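Okay, got some structures for you below.
You will see two complexes here that share subunit A, one where it goes with subunit B and one where it goes with subunit C.
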Partner chain A sequence: MKGLVSGAAAILLVSFALLFTNYQLEHKAGGAGKDTITVYNWGEYIDPDLLKQFEEREGIKVIYETFDSNEGMMGKIEQGGTSYDLSVPSEYAVQMMEDRELLIPLDFSKIPNIKNIDPYFMNLPFDTDNTYSIPYFWGTLGIAYNPSLLEGQTFESWESLWDASLRQKLILVDSAREVIGVALNSYGYSLNSTSLQQLKEATDKLETMGPNVKAVIGDEVTQLMINNEASVALTWSGQAADMISENEDIDYIVPEEGSNLWFDNIVIPKTAKNIEGAYKFINFMLEPEVAAQNAEYVGYSTPNKEALAFMDEETVTDERFYPNEEARENLEVYENLGLETLGVYNELFLKFKMGLR
Partner chain B sequence: MGKLSNLPKIYLAVVFLILYTPIFYLIYYSFNSGGGMSNFESFTLEHYQAVFQDTRLLIIVMNTVIIALLSALLSTTIGVIGALAIYFMRNKSMRQTILSLNNILIVSPDVIIGASFLILFTLIGVKLGFASVLISHIAFSIPIVVIMVLPKLQEMSTTLVDAALDLGASRKDVLTRVVLPYIKPGIFAGFFLALTYSLDDFAVTFFVTGNGFSTLSVEIYSMARTGITLTINALSGLIFVITMVLVLGYYMIGSRKVDQGVKR
Partner chain C sequence: MKNNPLRFIYAVPYAVWMLLFVLAPIAVIVYYSFFDLSGNLTLGNYRNFFTSVYFKLTMSSFWYAFLITFFSLLISYPTAYFLTKTKHKQLWLLLIIIPSWINLLLKTYAFIGLMGLYGPINAFLETIGIGSQQILFTDFSFVFVSVYIFIPFMILPIFNSLDKINPALLDASKDLGANAWVTFKRVIWPMTIDGVKSGVQVVFIPALSLFMITRLIAGNKVITLGTAIEQQFLVTQNWGMGSTIAVFLIIFMFLIMVLTSGKEKGGNANGKVK
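Coming up: the complex of A and B.
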């Protein structure tokens, strides 16, 4: 009995000692004020140094929390019980959050730095007039490949993915619109096609790609490519940038027929408690130097036009990640197709996956 | 004969090799200056430095440990009381029912427990954060403790309690001097199991974290999209070493006690 009681006491003592150190750490990190904002962002999607800069400059402590999927993030915000002041959903998620009335309209008079954003990235179909969102990072969907593991294949066209020489080599991303989009693009159809005829043609064509498909997976593809365990993958430019930074053999290309243009966007969810602080943070992140530093850290493409001047010349002239205006012509942003059509996409994709091997 | 006795040793060695190789692989690359989990470039300690500079990560690690310790302690207390109550229950069908209800909680998927906690907390207005995580960890650990302690109680001869009562022990004495010392191994087993369950739980925690409070498993999982950095390797290495030291320390204390017992 004595042993049990002293054991319990020891555990309590250790816990409280840890709680105390935690408290100390938090306060040391937090700067002065009682003012705080809670930022809810993807993991590893901001330069932590910028959080410190912001805290020092504005005297607002940043509580930073991360999520791993749009759906998980929306669930947390919709369910309540949290007080996130800022979040960073992808473009389709912005639309969904808007439909569910989870967002607060932005007051541009409090975000003067909005002028730094390239007009090309404003007023996009998922949020016309940018009522609720400001682009944070953007990118494309394309093909990451490793020439050292291939026999000279190139990927200027989506058609090349059907080439017989890629048998059992291709890795697809586990997402309906992206994969069906490849076939739609190869026919020159819109990525937002709602025509059942076009979708059927696309999936019929996809099925003939079957023998080439090695796997349909998620984020694990980055590690596979880096470790030279895979040679060709359909992937987003952001992930491709991660791959290239770890393994210089890898290259990335957006086929000529066109592709998807994606965005992650800053929004203020309705759970926000410190809206003024959130505006200050958005404005801070849109400063050219800050946006440049952040883009260098994260490695994704920034929509901040003024920031490009502060970045590595080599990075911003890399047409793989900052395509010129001509190449941008063929890029298309996903529109919300409604539950019914999305259901069709998902069903067709599921059928395609079931038919593999 | 000699060959025959070598076989089990080889088997054991292979099993341990399979279990430990991934961990050592992870730790090996934590010293890689090359940034990734391939192409070991040269030796560096910069990732270990990064762990200690990243206050947010340190706070999350400590949160994880605090939650594990407190939830294990509280759930052990509640679980032991529960096991005692089930054991001393006279009504047999009632006992069976409660035991089944307990077992259902062990079997039911973490995702469901997590989701129902999220709904419950938001319904009654508990803010997601430290308290919500602690409460849910205590909740899912209690059934485990009960299941660890109950067999010890059942294996205890009832004559022990009767004898103690006959010899004039009060009910309190019976509990603190006979029953609890007897089931002590079960209590410890329950505590450590609850501790490990809490430390590595992802599914339940994922639902009930919020407002900047997060645990290590949730934090690492959210790095999936942009890639897990070698800082996490370094952190894993540190945690592995600390656990090893703790286990060795526990073992040394344990064996010293046994020695003293023999001398007496």
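Coming up: the complex of A and C.
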């Protein structure tokens, strides 16, 4: 009995010690005071060196946390456990967050560097007047392929993904709107289609792509392409840039029927405690040199017009990652279709995946 | 001790635990399953579950869970049997258990490397003349990796029940003229059936709701109930439908528990050997 009691006491003691240390750590992270800001961003989506620069210049400590999906991020902000001062949702997520009143309107007088952003990327339909958001990076959805593993196939058209020569070669992203979007694009329909008829046509066509599909996965595709394990992948431009920087055989193309144009945007969520600090951080990130350094590090395309001058000539003239305005004509930005329609997309996608062999 | 009211105090932590962490969450899941996206009370989620998509999903989940359990048992039973015959059985057992201490995701990622086109398995197939195969993203790789992950959980209970068998019983069986097969069928198997049952439980039930492996190893060509629940909560944000699938999963698990328990009154004549 004595052993039992002392054992239980020891466990309790250790538990409380852990609880206390944890509380201390959390308090440090979450309890953003005057001289700290908490930035909530995607993984690998900022040059860590810039965080240091900012800390040194402004004397504000940056606590950096990462997320891997818009939905997960929104959930955490909605719960409000941690006082995030900045976040970087994608365009449709900006709309959803706005609908749920999770955002604070931006005061442009505190962000003079907003003038550096290319006007083309301002006032976009998901946040007209940029009331809540400023574009951080942008890109497209397209096809990454490795000609050295293929037999001369090209991908100017989405239709080429249905070609019988790609049997068991194609890797798709595990995301309903992107994959169904390929079929919608191939028919010339809008990526924001809510017509059940069009969606049915699209998924019927997708089913015939089944034999070509090798796998439907997430970020793992980057490694598979780099290692020559896979030869064709539906992927985002930034991911393709990562692949190309590691494996020069790989190429990236946006088929000419059009595709998705996406934006990740800086917002100040309503959990923010240090709003002044958040503005300083946004303004800092919009400085041309800083934005250029960040874009070089991250590999996605920057909407910062002035930053392009500080970047590698070869990068910014690469039409694959900085398509000209004419090429952008065919690109379409996702709108928030509402949970009801999102459910329809996902159910159709689930059905498609279940039909794969 | 018999009528000591203090006895009930010992049951309090258990009762509180069950209430807070078993009954309450189940109640919450059942509660959510009756709401649609806009928060209206509805039976629509249940109706939806019986549409072809989810029905097929359930069937295929069961099929893969069955395959995984079957192969785990097929490998684990003989393994456990020979383990009991070895000299340092605790050491061997430990070696089999150790991998289960490693994080599941790490092991899964390791398999991506092993099974890749240029991985060691294909290099081996190449040298013995079979030629490299697409191993990753197939039914085979999914079942193989799942079986690998579940084997320790199947071996442990079977090993324990085998280890408890009194060797004198086997001698007696032999003396009475039974050959090896009859001894196994009439003595060893009935005495280890409980171990097999609990092994089947700990493998089959989690196998129904596997989800990361379906993406990383099977490339989402295998969809389980677990994947569907994850999707409903994280992507579609349809908590009602996610909860409904979860409710059915709980029902299935309960049924499996009932089917694989019932120790003494199983009505199995062979069970009487005990």
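As a working rule, the second predicted complex is superposed on the first by the 323 of 357 C-alpha atoms of A that agree within 3 Å, B and C clash if a C-alpha of one lies under 4 Å from a C-alpha of the other, contacts with A are read in each partner's own complex, and residues count from 1 in each chain.
Keep this in mind: contacts are C-beta pairs under 8 Å (C-beta built on N, C-alpha and C of every residue); 3 or more make two chains touch, one makes a residue touch a chain.
It should be emphasised that the depicted structure is a prediction, and the values quoted were computed from it without experimental measurement.
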item: Partner chain in contact with A:275 - subunit B first, subunit C second, else both or neither; value: neither
item: First (subunit B), second (subunit C), both or neither touched by A:298; value: first
item: Subunit B versus subunit C as contact partner of A:45, first or second or both or neither; value: first
item: Superposed model, subunit A: greater residue contact from subunit B or subunit C; value: B
item: Which superposed partner A:4 touches (first subunit B, second subunit C, both, neither); value: first
item: Which of subunit B and subunit C A:316 touches, first, second, both or neither; value: neither
item: Subunit B versus subunit C as contact partner of A:68, first or second or both or neither; value: first
item: Which of subunit B and subunit C A:114 touches, first, second, both or neither; value: neither
item: First, second, both or neither for A:104, with subunit B first and subunit C second; value: neither
item: Contacts of A:342 with subunit B and subunit C, given as first, second, both or neither; value: second
item: Residues of subunit A at both interfaces, subunit B in one complex, subunit C in the other; value: 72, 218, 223, 227-228
item: Interfacial residue positions of subunit A with respect to subunit C in the complex; value: 69, 71-72, 168, 171, 174-176, 213-218, 220, 223-224, 227-229, 339-340, 342-343, 346-347, 350-351, 353-354, 356-357
item: Residue ranges of subunit C touching subunit A (in the complex, touch as defined); value: 37, 53, 56-57, 60, 112, 116-118, 134, 136-137, 215-216, 218-221, 223, 228, 231, 234-238, 241
item: Touching residues (chain side subunit B, partner subunit A) in the complex; value: 35-38, 54-56, 58-59, 62-63, 65-66, 69-70, 72-73, 77, 118-119, 121-122, 125-128, 132, 176-177, 180-181, 184, 187, 206, 209-214, 219, 221-227, 229
item: Complex interface listing, subunit A residues touching subunit B; value: 1, 3-4, 8, 11-12, 14-15, 18-19, 21-22, 25-26, 28-29, 38, 42-45, 48, 63-68, 72, 76, 79-84, 218-219, 222-223, 226-228, 238-239, 242, 245-247, 298
